[in-house]
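Following are the structures in question.
Look for subunit A in each of the two complexes below; its partner is subunit B in the first and subunit C in the second.
Entry: the complex of A and B
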């Protein structure tokens, strides 16, 4: 717990205005991210999990300042990123995208792809860029001659390595990774996860890792935040979260993961489908209440705060200390 | 063993492009008994989808062609079947569900007509009766307010609901075999769990057989009786689900299972399989996995390695089945 966190997000909120139609009242804005706060210390990996539409990618883009937040702050080493010049920010915080097929320019060689940040952000001259490119390729486990090849000559795993090399080109210490392995085959996914873990140790990187695959998140992250409809509903060290989930939504996500081994069979079905609620959710009260097996009248009326008082780590649930989910299963 | 519902023997489907022959499927043997659920597992490019398309003769020709092998549905040869027989089979006795419900459904048609078209193509029903049947089908896949949904367009439904509609269409003519090609890959885990539970329930109720194509062993473990593992266009192992996980015979199966991160293991290095699968236009002699195998020996690199029985109901295409380094 030493010093200032590398990356801190305070009450970050992003609303997208609804599309106005002629002669109709303006629709309610889409609340993609609603008051999200977290801090990541140097060398740590924070995983953010949730279903599609929960706002995890919007959160990442807002942190990256690819889209402007409606309100809230992002701090890098204690400094508000709104005050950090664009280039300096881009040197220090980088992004790894999900799809290594569409995130690399098909008409540029690896060298040209890496040259852009090295020239414009790091200001290196040609010989220095050449040396750095070789170094980067070595770092991500690609052979030096790959520098003159085009993306189509690579497999998915190799492309994702190029994407990681590009993110590391300017010596960024903070990486946001948005589903970096979900488009890859299992055996390749394992290689990329191992690489990310090695690089983190070797270079002291800080990760914000967005994924929907809980096993992948557990494999890479120290801490996990679970998002539901724009809010963090539970956050704790990975080991605690996976062993003793406290929010009913975390329970639901975990029980949905297909597992190998004895005892697989019809699982505990713990929450109603999303369609029961719809992404707008109730106007007041807990957003998860319409799907929740624990919901009481209080949940309909009073939104739960993300509070560590009940169980020792932050959970946004009035009944987080309720320990018998099985009793409530339908 | 009684006569299987589907019997595939020595299937080879090749694609010829620019004077190069890609052997996408190059040796698939597959039996599916009535009411049985079989998982077809493998990584991208292993030939899973081409196998499924070959069964229903849906391979575009050219460039693709079934060059060898037989496919029998209940004793009827499908490879040389007439168009009429195939029309009868497709969507009738054998139905398909594909990965992306977004592209399976016609975006400019309401749900109702898409399902009734499927019904009336195979059954002699009037409009009103077909519509009633469509509503029943939506009920059967647990779509709320089924009657209202019939008048909606695909974009008005969530991904999970769309996949339910596609499954309802597949069930329209009481198929004996449902081929599902990665039907849950594009869905969230919670929705995936709902679809798996739905397929399990439908199978119990209708007794249909299932060929479930996936790259996810976890899904197979939850849904299937038997697993068929493919590598570089060939079946390399077949066994009951529990056998494959407890005692895999082929080194590829063993190592693929080891690669999977699973919950409850914390931060740790994952096992990997070094190297990449061979190019399908340059498959090596002998075992296609030899280059990456940790128990390879000289004999593995020549000749044809047959798919042989290692125990009752357990086949492997390996000279040293069950060997460990």
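Entry: the complex of A and C
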């Protein structure tokens, strides 16, 4: 619970330049990730939530170095990942993809899929790879004879288990999970989440868990960061966030979670739909102000900083300390 | 994108082995095409051991004999050469040149398509503009131009036909490659720090292979026709080599007096090309589950 965080992100920014077209001015860049910072301690799970298009996946892929950041740093055990050789980085940090149907090569058997990193990254010989494959399949709860099957012979949940096995092949201790269960059926989601929790305890894994489903995050994560248009707007321990959300956007997200039974949920705080001023829009004032039910003139002129001073955990809102009895989730 | 995108349709099962044969067998035309091709190829391969007349032997007294003449089942040409013998020996030349040209075009075209689709941006632009230049020429004209530069002959005709057909492979393969490069398993391979070459040949290529095979099976027919076309114009096979296109060309002066001299090689080309096209269509359907 102490010392250097295993993974630290400092002011990470990714802008996608607008595509230049003949005889037209280059459009403003798409600011997918704007100065995101966070740290994850060993064995912890950080959830990153936000609606579609808020930059969560870009953030994860930038941390994995699948996308080159525009600026900012990612540190692994205190070392800048830009200085870590790619293969070493790949051995220690791995990625679990969202879509289990496209994340496995349809022309490779499970054994071939798992063999590649074992041979290429771990340099194991054939008998050792065979043993390790069996061990990995057992670890993710698949039968050993599945090794010779092709992805199309599996269900979504089983495919995702193969994806997790691939990520764990070289004993990576940090996993970036990009919505690993959102493409699965609800019943299967629970099984995969349980597997992820077991693996975390068993292997001492550190997770960065991207999701748009809050229930999934509440279930698995120690800490949660809420992202809105490329920025973290609130970050706190999961229990605090769900009990006492401070940012109006967090409220909105929480109130959008469907509840069972009449009248048990909090009053709906529906945000206005995402308007034309999307991720590429002008950046004056609070980015959430156009959709916010609490917005004042100050919000439109002055961007709020991510500040822990008001309520004890980082929130980017001028009105985080306003007490509105209806804002508290039951 | 971070929203719950609906899972894409289950990916294609590996298109090989008994499954492919079972799907191909359901297409009667494809099977018929395959049977005809097997017969033609076997006959051509067995040419040296068959009791055939020398395809180059000229018997002045037996010129332009009609089909069914004694000792010359398919008759003779204007120099008294046995047409059956020339047809079977010519099959060896025509088929091997067509297949070889297809292989060369497939190899070079696929490589260009793969690299262009995978590298994207500037590399893609440069390679594809080159392909566009090739495509801008009427292709027989380009082939004739190339032979004019290289000099007439079977090998040069084959090279010309290969070059002319490179764009078809490059285009088809590039399109498929682009659609595959954004697949998450390519990202997964990058996350495992695989080199771009390894990703291209071990992850992308196996998935592009059906497209290459289908393009090959549908183009080999044209290539045989095109080679025959060059030979017909006297730019391909040189005498005394027999080749279906050259036979067709030699017969055109006698089309009214002895039409069989043209009909025999013409029918052979027609039958082989249409068989190849049926088989190619069948293969495409069997390999591509989206067309089911």
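Here is the rule we go by: the second predicted complex is superposed on the first by the 309 of 330 C-alpha atoms of A that agree within 3 Å, B and C clash if a C-alpha of one lies under 4 Å from a C-alpha of the other, contacts with A are read in each partner's own complex, and residues count from 1 in each chain.
Just so we're on the same page, a residue touches a chain if its C-beta (ideal position, glycine included) is under 8 Å from a C-beta of that chain, and two chains touch if they have at least 3 such contacts.
On a predicted model such as this, the values are computed, not experimentally measured, just so you know.
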Fit or clash - subunit C, subunit B, common subunit A: fit
Touched partner set for A:194, first subunit B, second subunit C, both or neither: first
First (subunit B), second (subunit C), both or neither touched by A:61: second
Contacts of A:186 with subunit B and subunit C, given as first, second, both or neither: first
Partner chain(s) touched by A:256 [first = subunit B, second = subunit C, both, neither]: first
Per-pair minimum CA distance [subunit C against subunit B, superposed on A] in Å: 6
Subunit B and subunit C contact sites that coincide on subunit A, given as residue numbers: 51-52, 156, 212
Interface residues, subunit B side, partner subunit A - complex: 43-44, 144, 158-161, 188-194, 196-197, 200, 215-219, 221-222, 242, 245, 255-257, 259-273, 276
Subunit B partner contacts - residues on subunit A that touch it in the complex: 51-52, 155-156, 185-187, 189-191, 193-194, 197, 212-216, 218-222, 238-239, 242-243, 252-262, 264-267, 269, 271, 273-275
Parts of subunit A lying in touch with subunit C, wherever the complex brings them together: 50-54, 56-57, 61, 64, 66, 86-87, 89-90, 94-95, 97-108, 116-117, 120-121, 150-152, 156, 163, 166, 178-179, 182-183, 210, 212
Of all residues in subunit C, those that touch subunit A in their complex: 1-14, 183-185, 187-194, 198, 202-203, 206-207
